[in-house]
Every structure is written in C-alpha cells, then in structure tokens.
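The two complexes that follow have chain A in common; it is paired with chain B in the first and with chain C in the second.
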Partner chain A sequence: MSEYILRVKDIVKSFVGVKALQGVSLDIKKGEVHCLAGENGSGKSTLIKIVSGVYEKDSGTIEIDGEIQSNLTPIKAIRSGVQVIYQDFSVFPNLTVYENIAFNSELMDNRILANKNRFRQIAQEAVEKINFNVDLDAIVGDLSVADKQLVAISRALINNAKLIIMDEPTTALTQNEVKALFKRINDLKDQGISILFVSHKLDEVFEISDRFTIFRNGQNVFTGPTSELDNESFSYFMTNRKFQETPYEGKPQDEEMLRVENLTSEGEFYNINFSLNKGEILGIAGLLGSGRTELALSLFGMNEPDKGKIYIKNNEVEFKDVADSIEHGLGYVPEDRLTEGLFLEQSIGLNIVAANLPNLSGTMDTIDGEATENEITTWIDNLSIKVADPKLPVQTLSGGNQQRVVLGKWLATKPDVLILNGPTVGVDIGSKHDIHTILKELAEEGLAIIIISDDIPELITLSSRILLMRDGQINEEINSAETSVAELTEKISLDIDQVV
Partner chain B sequence: MLKNLVKKTEFYVALVILVIALLIHVRSGAFFQTNNILDILNASVVPGLFTVSTFMIILSGGMDISFPAIAALTSYVTVDVLNSINYEGSMVLIFVMAAVLGALCGLVNAFFIASLNLPPLIVTLGTQSVYRGLLQGALNAQQINMLPPAMGKFARASVYTAEDPVTGATSHLPAGFIIFVAVVILAYFILYRTMFGRGVYAIGGDLVSAERAGFNVLAIRYFLYIFSGIVAGITGIVRSSMNQMVHPTNLFGIEMTIIAGVILGGASLVGGKGSLLGALLGMFLLTMVQNSMLLLGIPGYWQTFFVGLVIILGISITSYRNLVAADKAKTLRDKSKEELVNE
Partner chain C sequence: MSNKDTNIVQEESRKFFKDASFWRLAIILVALIIIFTVYNPEGFMSIANFQSMSYQLPEFGLMAYGVMLTMIAGGIDLAVVGMANLSAIISAIVMLRLAESVSEPVAIIVAVLVGLLVGTLCGAFNGLLVSRLNVPAMLATLGSHQLFTGIGLVITQGSGISRLPAGYSTTGRMLILDLIPISVIIFIIITAALAFQLNKTKFGQELYLVGSNYEAAKFSGINNYNVLTRAHTMSGLLSAVAGLIMLANYNSAKPDYGTAYTMQTILIVVLGGVSPAGGFGKIGGIVLSILILQVSSSGLNMFSSISNFYRQLIWGLVLLLVLGFNFLRNYMNEKRIAKAGKTAAETETE
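Right, the complex of A and B next:
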C-alpha cells in the first residue's frame, strides 16, 4: 500500500500550441487536506480535469492509490476513488435531493431502470455519512447554497471516494457556512479521506490545509507543509510580484459629502448615524444579516427607509429609486457582480457605459457613438483592464477584470460617493492589490468611499474608520490605526462563535 | 395528500377542465353525453400524440416545431408510394414506413441540435420549412382522396360506439385511440421508470451536470428528436386515415397549440419541469374548448379567439404560481440563514 492516494508526475498538456501545464507534479497523502493554489490560468483547473479523466495528458504519469493509470476516463477516475466537486456543484436544481445523490452511482452501476426506493436508500446512507440533515424529497433548487454543496459532497461519498477534489468550495458561502464546511472536511479527514482544496483565498486555505502546492504559469513553484508559508511568501509564489500593502494615508477633506441621521428600516437596521467627508474611506464590518447590505441598498435608493434622514452635501435628500441616487452622485458596486453588477452576455464596453448612457446621448436621445467609444477606452486604460477586444462579452474576463469593469461602470457616472460591497470577493491577489491601489488614488482625488467587506485586512488598510454593525445597529466605531486584524476579527466573530 | 395536490399545476388544469365542462353542460345540456365525450376523445388523438413527444423535448430543454411538417411529408410520401404500387396489404407496413421516414427527418433535427449544438428552435424552424418545401415544391403534393384500403378499414375500426338516443347519431372511439394510449404508456414508462428518462429531466435541469454525472446526453437528445419524428410519422397516418384523405397543408399551425398545451400543463420552456399528465391535461383543455364551441353554437371563427384567451390566462396562472413558489423558497432560505445567525 502506498502512502500516497495520488501521485502526479511531470504532467505536460498543451492546447492548440499553448502549453497549459509544463511538467507539473502533485503528491497527496492519504488522509491529508492538500491545497492547490494558483492564480487564474496557472493550470489548476487543467490538472484537475486530467486527474478526473476529463482531459487526456500529453505526457507524464498519474498514480492513484499505488496504481499507474494510463488511459484515465471520468468513469475510471471515479471507480478508482477520485471525485470532483465543481464550483457550481453540478446539481440538478429541478430534481429531488435523493435523485441528485443517487444518479451518479446508479449510472456507474449501469442501471437501466429507475427505482425510487433504491434511490432513497442510497441517498439516506450518503447523507448519514456526513450527518447532513435534509429532507430527501426537497427540490435541490430550493436549498441554500451551503446545502447544495452538501448534496454534492454526499453524492461524492457514495462511490467509496478516497480523494475528493473541491474546486473553489467557499466562493458562495458565508463565514458561518465556511466554518461548518471545514468541520465536515475535518471529519472526512478522520475517516481517512484525502481532500484536494483548490482555492486562491488566502486565509481560508491556511486554516484548513496540511500541505500546499502552488502553480504559476503551468509550473510548480512551491510544495511543502503549510507552516513553511506566510501571507507574504504565498502572494509572492502566486504572482511572482512583491506586494507592499500600504494603508491609505490621504487626509479626509473638510467638506462633508454624506450624512445619515437616525436611519431606520424596520427589521433590517435601526438608528444609523454617521457622516462621510470628501476624500475619506469608511469601512463597514459585520456578519451577513447584520444589516450592512440593507443599509447600503437604502443609500442607493433600492430599499426605502422607514425613518431618518439622508443628507448629501448638507442638503436633505430622499431616494425614491436608483436613478434618484445616481443623480445625487452616488454609485454602488454590489456584492455579487455576476447577478447584480454585470450584463454577463453583453460586451465589456457596453457594461462600462451602462450606467452612464444618459450623459452619452446626443440629440433626440440617440447614443453618441464616438463619445461612447472614447468613454470605453478611457476607463479600460484608467483601470488597466486586460481586454483583447471591448466588444467581447464581459463573461470572458477573469474575476479581477470583471470587478474592474463594474468599478469602471460606476466611476464613469462621476460619483461623489461610491459604496462598494465586497469589492475584492473572488478576485485574485494581483487584481486585489491593483483594485486597492485604484481606490486609494480615487480617494486622494476627493471621492468619498464606503467599503463593506468580510476581508478584515482589507478594511484596516483602506479605511480610517470602521463601523462595526451587529443586529442592525452600529455597535462600535473603530479607529483603524488603533486596532489589529486579530482584534477586529475577534470582535466580529463574537457572534460566529456563539453559533458554532 | 390534499395539501400536496393543491400545489400541483395538474390539479388546477383538471379543475378548469371540470368547471368549463360544467358550464358547457349547463348551457347546452350535451357535454356529459357519451357521444360528446367520445367526440372529444376522438379529437384528442392527433394532438395527444403530438403532445407526448413535444412534452418530452420541451422537458429536456429543447424545442421542436417541425413535427406537423414531418407528419404531412411522411404521410404524403407513404400513401403516394403505396398507391403507386396498388398496395393492398396490412396497416403495419404503412405505419412502419411512415415511422421510418419520420425517424429520418428526426435524425436530421437531432444531428444539427445534439451534434452541432445549434439552437433547437432555429433548427426546427429551418427544417420545418425544408420539409414543407419538399412536399409542396419538389413533390408538388396535392390532396389525395384515394387511400390504401387498409387505411379505410383502420379508420372504420371502432373500439367503442355510442348512439345518441334522441337523434340516433353515432359517435365512435377510433382504433387510433389505442395507438395514443400505447404511446402514452410507453412515454410514461421511459420518463418515470428508466434511468434514460430520468436523464431527460436531468438534461433539462442542467446539461453540463448531466454529462458529468454520466448520462449519455448525446444519445438521449438523439432519441428525443428521432422519437418525435417517429410519432409525427405515425400521427400523420392516423390523421389521414381518420380524415380519409392526405392533405399537404392542413396540419400546419397546430404546433403552437400543442406547445401552448404543454406549457399550460406546467412544463417550463427552459426545461426540467413538468409532467406528462399535466401536458396531456393542458392539451385536453384546449381541445375541449375548441370542440365545445360548436355545442354552444358559437361561430367557428370565435374558436381561435377563445383558445387564445385560455392560453394567455392559463399561462399567466402557471407563471404566477411559479413566482409565488420561488418567493416562498427564498423566504424559507433567508429564514434558515437568520436562524443560523441568531442561534
């Protein structure tokens, strides 16, 4: 018996002349949580697809549980114990939990007939393995994201999985859900199952992984125990760039841009008071459900408050809708850019000018083509968005570049106050650094910025003051210079610890 | 049990059918007479057959609007060829020939849709036009009134005959009804009792996930369009027999009514949702409304008006109920999240 569940050596893979993998290796021990990290395009997904039999390797060897696999197919990979949980979980939203769980193994067994009772039995066994409490008859589309993931994990476990590959498993989860997931991963580990965790989220991978492998441009740049890595070396291995995250040092100017007095929306937030000056970056921290997003939406005219007043430059205003608040100089970069921030199938260019079309219209309200082109070029340059052609759909871009497009869309409206909700979620380290730099520059030029984020280091570096929200109220105002990541994390997670 | 029942679209469609039936009965006094019931069942055979295959395709997230053209083309070619050799044999060969031709037409659809991954609506819009063009242009099709003798016998064969005690008029349940029932049973078995059929639901839910789970997506999609072609071929012959003629164009336009019936019965146009029973009820409702106009003495041209009204109303109700359901699911999710935070 081998000590390793998976040994991959010198794998080369090219796509039409482009070498995606240039001889990479990856060893995963039995019962370990291994993290495969790397930026977009580093070859992580390609390797996963080779190990799971979706792609054929050009050269190199794959050894699963001591056996050399020459012609790996998806079915063979599953039979030898390798299961992949994709980022989208690959579930059927229209079908029941028990069908979702049982289909794979039934197809593996080449079943012709469908038998509900057998499905149910298979599913019951699978959910029991991870103590997953769920109604087997529920329709998967009605479940929460975390539960959908658990359906996918249960499904992976039925075929005697020895290695479970999880592709960016935490992207759509809240902090509580991530904690719960990690607990389950540790349980699986105790059962001798290995986990390959594919991620580029720094703090999370450190917490859960025993060992690391880092890819860059299709090559190994690091393999070793987690203890040999720290934030700085991790970023360096990932990007080959050294990042110096400097705090925002610009001084807020004396001019007040936004003031909120006793703002209340029943059931969401109560008696919110704060003010924001020109050139200031204000942070808002708090758990999901603390009212932070609802507050942002109220400032952006999407959620009419019940009580309280909003002042823009000392004038009382009332936002009936988004158009109102745009007119008063507000911009909002939403939490989920994919569903709220972008027209995914539309071009990059159109996405950039989408919020600014009224200003680009000429006579008879027709769109001025030349002005639009100029506007698009300006923002692509200003935000250094990497595009082959602005006419391509925005969904062809990487997460970091997509986020820049959303940013560009709102900057194009020339706002006085910009509210960002999770500005660097799902964005790679390099882009994150660049987005931070852009925000600091904007603030220096006089933009007033509110950042809502789960990323504590991000809040501390960027903002001078942080409002800590809990149960719909501002619990505390914290001076960034006088706190630390550890202290603020603890303050926020007071609530989490009560849950788990 | 009752609680589960009122959640289902099928229940509402059945309820509407009952209400309309009662209304018609009160006005005409004739709805629940055996003759009328038989007439409606008789009228349901052709749309019913089309509904089965169309439902399966819509369920998989696909679309087929070429089936009336396939039915017209295959029944014309079959009858024309068999007439030219003075065919006097049994019905079996006639059905087999139409089914094989239909399968070929379906294969063409399947190739473009499943192998080349082109949008099904556009592909079948195109092939429909090609099949019609072949029929009317290349074959210069005219109405044929002389059918092989077996088709006449098939049309007269009756499963059940009823005579109106007052007028003495007879209505009968044709042999074609047996074919309809057989196709329904076959489709039901495939959809609900085989992994292949669960694959149709899976593809409609998420095509990529279906591939990853190990469903043979290509085979399933090929099957669906070929099956639709076969059903169209058989339906063309059933209809020609019942009408005692082959007409090159009078089926055209039926595709919209069929699709409307399927959607009315709760199927989702993007696939994955719906049941065979629902689709058949939807079709039955539309057929019944169309047929009963005559009983009420409403002129023929008002038929399309009322059918349109039923479609709009029905689909509004279905989408509204889906919206409410989605909303409810979201509230439930938010609530469970809140509980997690507040625990």
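Right, the complex of A and C next:
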C-alpha cells in the first residue's frame, strides 16, 4: 500500500498554443488536508480537471492509490475514489435531498429501475457519516448554500471517495458555515479520507491544511507543510511580488459629507445613525443578512427607507431613484460584480461610462464622442487597468481588472461618497493590494468612503471606524486601532455561536 | 472638418467594414442579385421590378426596425403588424369622415397625425406592460397584437375600408424625380435617424446596456422603465408609419393585411445580427437583411416553377440556419474570449 492517495508527476498540458501546465507535481498523503493555492490562471483548475479525468494530459504520470492511471476518464476517476465538488456543487435543485445523494450510485450500479426505499437508505447512511441533519425529502433548491454543499459532500462519500477535491468551497459561505465545514473536513480526515482544498483565501487555508502546494504560471513554486508558510511568504509565492499593507493614515477632514438619522426599513434595518466626513473611510462589518447590504441599497436610492433621514453635506435628501442619488454625489460598487456591476459582453469602454452617460451627453441626448474617449482613457490610465483595446468585451479581463473597471465606472461620476460592498471579493492578491492603495489615495484626496466587507483584515487596515451590524442594527462602533482581526472576527460571529 | 474628425470618420468606417457579419450579408445580397439577373435579366433588372420592390420594402422594413429596437433591449415586439393595421384603419376612418366636411389635404394631414398617434399609444401600452407590469415582452406583445387586431376587426366588421380620398394614395405613391417612391425616401430618413440614435445618443447606449444586463443597468442609474417604454413606443410609431404606407399602397385598410410580416421581421432582425438575447445589433446589418428579404422574395416570384407557398418554407429554413450559425459562432467566440482572457491573465502575472 502506498502512503500517498495521489501522486501526480511532471504534468504538461497545453491549450492551442497556451501552456497551462508546464510540468507540475502534486502529492497527497492518505488522510491529509492538502491545499492547492495559486492565482487565477495559475493552472489549479486545469490540474483538477486532469486528475478527475475531464481533460487529457499531454505528458506526465498520475498515480491514484498506488496504481498508475494511463487513460483517466471521469468514470474511472470516480471508481478509483476521486471525487470533485465544484463551486456550484452540481446538484439538481428541483429534486429532493435523498434523490440527489443516491442518484449517482444508482447510475454507477447500472440499475434500470429506481427504488425509492433503497435511495432513501443509501442517502440516510451517507448523511449520518458526516452528522448532517437534514430532511431527506426537502427540495435541494430550497436549502442554504452550506447545506447544498453538504449534500454534494454526502453524495461524494457514498461512492467510496478516498480523495475529495473541493474547488473554492468557502466562496459563498458565511464565517460560521465555514467553521462548520472545517469541522466536517476534520471528521473526514479522521476517517482516512484525503481532502484537496483549492483556494486563494489565505486566512482560511492556513487554518485547515496540513500541507501546501502553490502554483504560479503553471509551475510548482512551493510544496511543504503549512508551518513553513506565513502570510508574507504565501503572498510572495502566489504573486512573485512583495506586499506591505499599510493602514490608511489620512485624517478625516472637518467637513461632513453624509449623515444618517434613525434610518429604518422594516424587516431590513432599524434606527441606523452615523456620519461620515470628507476623507474618511468607514467600515461596516456584519454577517450576511445583518442588514448591511440593504442599508447600502437604501443609501443608494435603490430601496426607499420607511423612516429616518439622510443628509448630504447637511442638506436633507430623499432619493427618487438611483439616478437621483448619483446626481447627489453617491456611488455604489455592488456586491456581485458579474450580475450587478458589469455588462460582461459589452466593451470595456462602455462599461466605464455606463453610469456617467447623463454627464457625457449634451443637447438632444447626443453623446460627446471625444469626451467619452477621454473619460475612458483617463480611468484606464488612472487605475492602471491592463487593457489591450477598450473596445474588447469586459469579460476578457481578469477579476482584478474587472473590479477596477467597476471602480472606474463609479469614479467617473465624480462621487463625494463611494460605498463599496465587498470590493475585493474574487480578486487576486496583487490586484487587491492595488485596489486598497487606490482607495487610500482617493480618501486622501477627500473622497468619503464606506466599505462593507467580510474580509476583516481589509476592514481594519482601511477604515478608522468600523460599524458592527447585527440583526439590522448597529451593534457597536469599533475603533480599528483598538481591535485585532481575531477579536473582530469573534465579535461578528458571536450571535451565531449563541444560536448553535 | 478638422484633421482629427476625418480620422475618427475613417476609423469608424474602417471598423464598420471590418465587421465580418456585415460583409457576409453584403455577399449574400450581391449573390442573390447576380443569380436572379442571370436567370431573368429583363425581368429582374427592370425599373418596374425595382419600383415594385421599393414600394413594398418600407412596409416591413420599418416594422423590422421596431422589432430591432425591442430586441436590442432584450425583448421582442410581435405586435408590429397589429399596430400598423390598427393605425391604418383608424386613420382611414378619420380621413373618410373628415373628407365630408373639410378640404382633402386637411383631412389627410389630420388623419395621418391621428394614425401616428394611435401607433404611438399602442407602443406605449406595450412598453407599460413590459416595463411596469413585468410581463415578458413575447407574451405582452403577442397578447396586445391579438387585442389590436381584434379592435380592428370590430371596427371594420372584418371587411376592408376603401374609397379613400384619391389624394392620399397618389401622394403616398408619388415618385420623387420620377424614379424613387416617396416611401423609400421616408424609409431612408428614418434609417439615418435611427442609426444616429443608436450610435450617438444616450438613449441608444442605454438601450444596449439594458439589453445586455438589466440588473447592472439598474445599478448604473439607468431608468430601465423609461428605456423599455421608449423602445416599444418607438416601435409603435414606426409600425404606424408602415401602416400608413400600406394604406397608400393598397388604397385600403384591413385588419389582416401583412400578417406574414411578423415572421418576416423577426427573420430580418435575427439575420441582420441582432442578438435574440439582447444587447447587440447594428442598423447596417438590418438594412442589408431587409434588402436580402425583398430581393429574394421578388426574385422567387420570377421562378414560375416555384410556387409562392415555398417562400414560407424557405424563410423558415433560413431563420433556423441563421440561428444555428449564430449559435456556432458564439460558441467559437466564447472559446476565443476564454483563451484571450487566459493569455491576458498570464501576461499579467508575469
């Protein structure tokens, strides 16, 4: 018996001219949690697809549980115990939990008739393995994201998985759901199952992994135990650049830009009071559903609040709609870049001016072509967006550059107050660092900024004050200088721990 | 014109002619013209044939523009024929009634204005259904098409309205410089205006943005309701103009004129390169596509062995082929984009 469940050696894979993998290796021991890290485009996903039989390798060897696999297909990979849980979990949302769990094994057994009782039995055993309390008859589409993931994990287990590969498993989870997931991962580990965790969120992966493999540009740059890595070296291996995050040190100016008094929207948030000065960065922390996004949407004219007042530069305002709030100097970088922030198929240029069309058009609605071109080049330069041609669709850009386009779109409207919801979600480390630098510079120039984020270190570095929201209310105002990442994380997840 | 301006114009025209789908359509058009000319030189290449084509072309061409606008916005307009007929019917009635009391030119002018107003209102009604009540455009306009046709049927009792003042049809079928029908001139002016509106105005850009991502448009401060309502209202107005041209061409109005145009306009718009999912489409492609449809339909009429019944079959096939081809092209594009993104990501990390 081999000590390793998976040994991958010197894998090369090219796609029409582009070398995605240039001879990478990856060893996973039995019963270990291994983390595969790397920036977007570093070859992580390509390797997973090769190991699970979706792509064919150009050269190199794959050894699963001591057996060399020459022509790996998805079915062969599953039979030899490799299971992949993709980001979207690949569940059938219209079917029940037990159908989802047992379906695959029925297919694997080549049975013709479906027997509901056997389905249920198989599913029951699977959920018990990971102590997953769930109604087997529930429709999967109605479950929370975390539960859907557990359905996918249960399904993987009944096929005698020896290695479970999880692709960015924590992206859509709240902090407490992540904790619960890690507990289950540790249980699986105790049962001798290996986990390959694919991620680029460093704080999480440190906590859970025994060993690390880091890819950069399709090559190995690090393999070894987690203890040999720290934040700094991790970032360096990922990007080949050294970063030094410095906190925002600009002093807020005396001029008040935004004040909110007793703002209430029934069922969403209650009695919100705060003020924001010119050149200040204010953080808002809180779990999903704490009312933070709803508050931002009301400030941005998307939803009308029920009660309370909003003042901009000491003038009371009531926003009719988003256009009205933009006119009053507000900007909002939304939570979901892909569905709310960008017009993916449209050109980079049009995306940059999308919120600024009223200012670029004159009499008869006519767009000023030259001003538009200038606007586009200005923001591409100012935010150093890497663009071959602004006429290309924005979806050709990487996540970090896409986020800069969204940022540019809002800066083009010359806002006084910019609200950012999750400004660096899904953005690689390098771009994240750059976006932070840009935000600090903007604040220094006088922009008032509100940052809503799950990323605690980000909140602490950038903002001077952090409002902690819970159940639709501001629970506490925290001075960033007097708190730590651990303390704030603890405070944010406090209420859930009490429930659990 | 300054040097810079000429550069921009050159740049624009270069971009325009570089567009592969535009050229593909141009080649199809030229090929069709050559085929029909070779088959029947005297028949096809005659002034009579060109005039008969140019009388008919603005009718469905203008309706196709309506469908184009709504499809760029992410919807569709299946009511164009209904709106055209209802406008023509009401206009005809007003014309007949007024002709009894006022002079003919006044009656005609008032009737035309009323017809345009009816189309505009019908379009605005569709816009309201789609934007405010959130009814899917396909269902809303299918329903309102029935409604408009129904109103026309009730008013006319199913028969045609004819015996219009003679001046209307003679003016409507007037030849400018003894060669070009006035309706073609109207069509050209509208085409130019729409091209300007789509490319150079705020509304045009907003139309593309709303069609490509409704949510993101909302977050960008675009008033989606207004954009959608305006697209449908314009479609109604364009249909009314088409209806008034039909009224002049046939010298009568009837609720079931031009029923084949619904299918034909969709074919034109899709063939012309408007994405059925919204967000894309240029008027140049639509113009070529309108010409292709008119040339092929007139050309097919000259083949005595091919009965008129085949036209439906052929156009149905063409629509499916175009959709299939577009699907393939998008698939290839996505692959290309994925690759471009990958290369970009790699050069970035280097």
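Here, the second predicted complex is superposed on the first by the 440 of 500 C-alpha atoms of A that agree within 3 Å, B and C clash if a C-alpha of one lies under 4 Å from a C-alpha of the other, contacts with A are read in each partner's own complex, and residues count from 1 in each chain.
Here is the rule we go by: a residue touches a chain if its C-beta (ideal position, glycine included) is under 8 Å from a C-beta of that chain, and two chains touch if they have at least 3 such contacts.
Everything numeric here is computed off the predicted structure, so don't read it as measured data.
Trainee: Looking at the overlay, what does A:D142 touch: chain B (first), chain C (second), both, or neither?
Mentor: First partner only, chain B.
Trainee: Figure out whether A:G341 sits in contact with chain B (first) or chain C (second), or with both, or with neither.
Mentor: Second partner only, chain C.
Trainee: More residues of chain A are touched by which partner: chain B or chain C?
Mentor: C
Trainee: Quick check for you: in the superposed arrangement, does A:N94 touch first (chain B), second (chain C), both or neither?
Mentor: Touch partner of A:N94: chain B, not chain C.
Trainee: Between chain B (first) and chain C (second), which, if any, makes contact with A:Y86: first, second, both or neither?
Mentor: After superposing on A, A:Y86 lies in contact with chain B but is clear of chain C.
Trainee: Examine A:F103 and indicate which partner it touches, taking first as chain B and second as chain C; both and neither are also allowed.
Mentor: A:F103: touches chain B, not chain C.
Trainee: Return first, second, both or neither, reflecting whether A:I112 touches chain B, chain C, both chains, or no partner chain.
Mentor: Touch status of A:I112: first partner only.
Trainee: In their shared complex, at which residues does chain A touch chain B?
Mentor: Interface residues on the chain A side: 74-75, 86, 88, 90-95, 99, 103-104, 106-108, 111-114, 141-144, 174, 176, 287-289, 495, 498-499.
Trainee: Of all residues in chain A, which touch chain C in the complex?
Mentor: Checking each residue of chain A against chain C gives 15-16, 18, 20, 39-42, 216-217, 239-240, 302, 321-323, 325-326, 332, 334, 339-346, 350, 353-355, 357-358, 360-361, 364-367, 369, 386, 388, 392-393, 395-398, 401, 409, 430.
Trainee: In the complex, go through chain C and note every residue touching chain A.
Mentor: Those residues of chain C that touch chain A are 8, 200-206, 208-209, 212-213, 215-223, 279-280, 337, 339-350.
Trainee: Please name which positions on chain B make contact with chain A in the complex.
Mentor: 192-198, 201-202, 204-206, 208-210, 212-215, 272-273, 329, 332-333, 336-338, 340-341, 343
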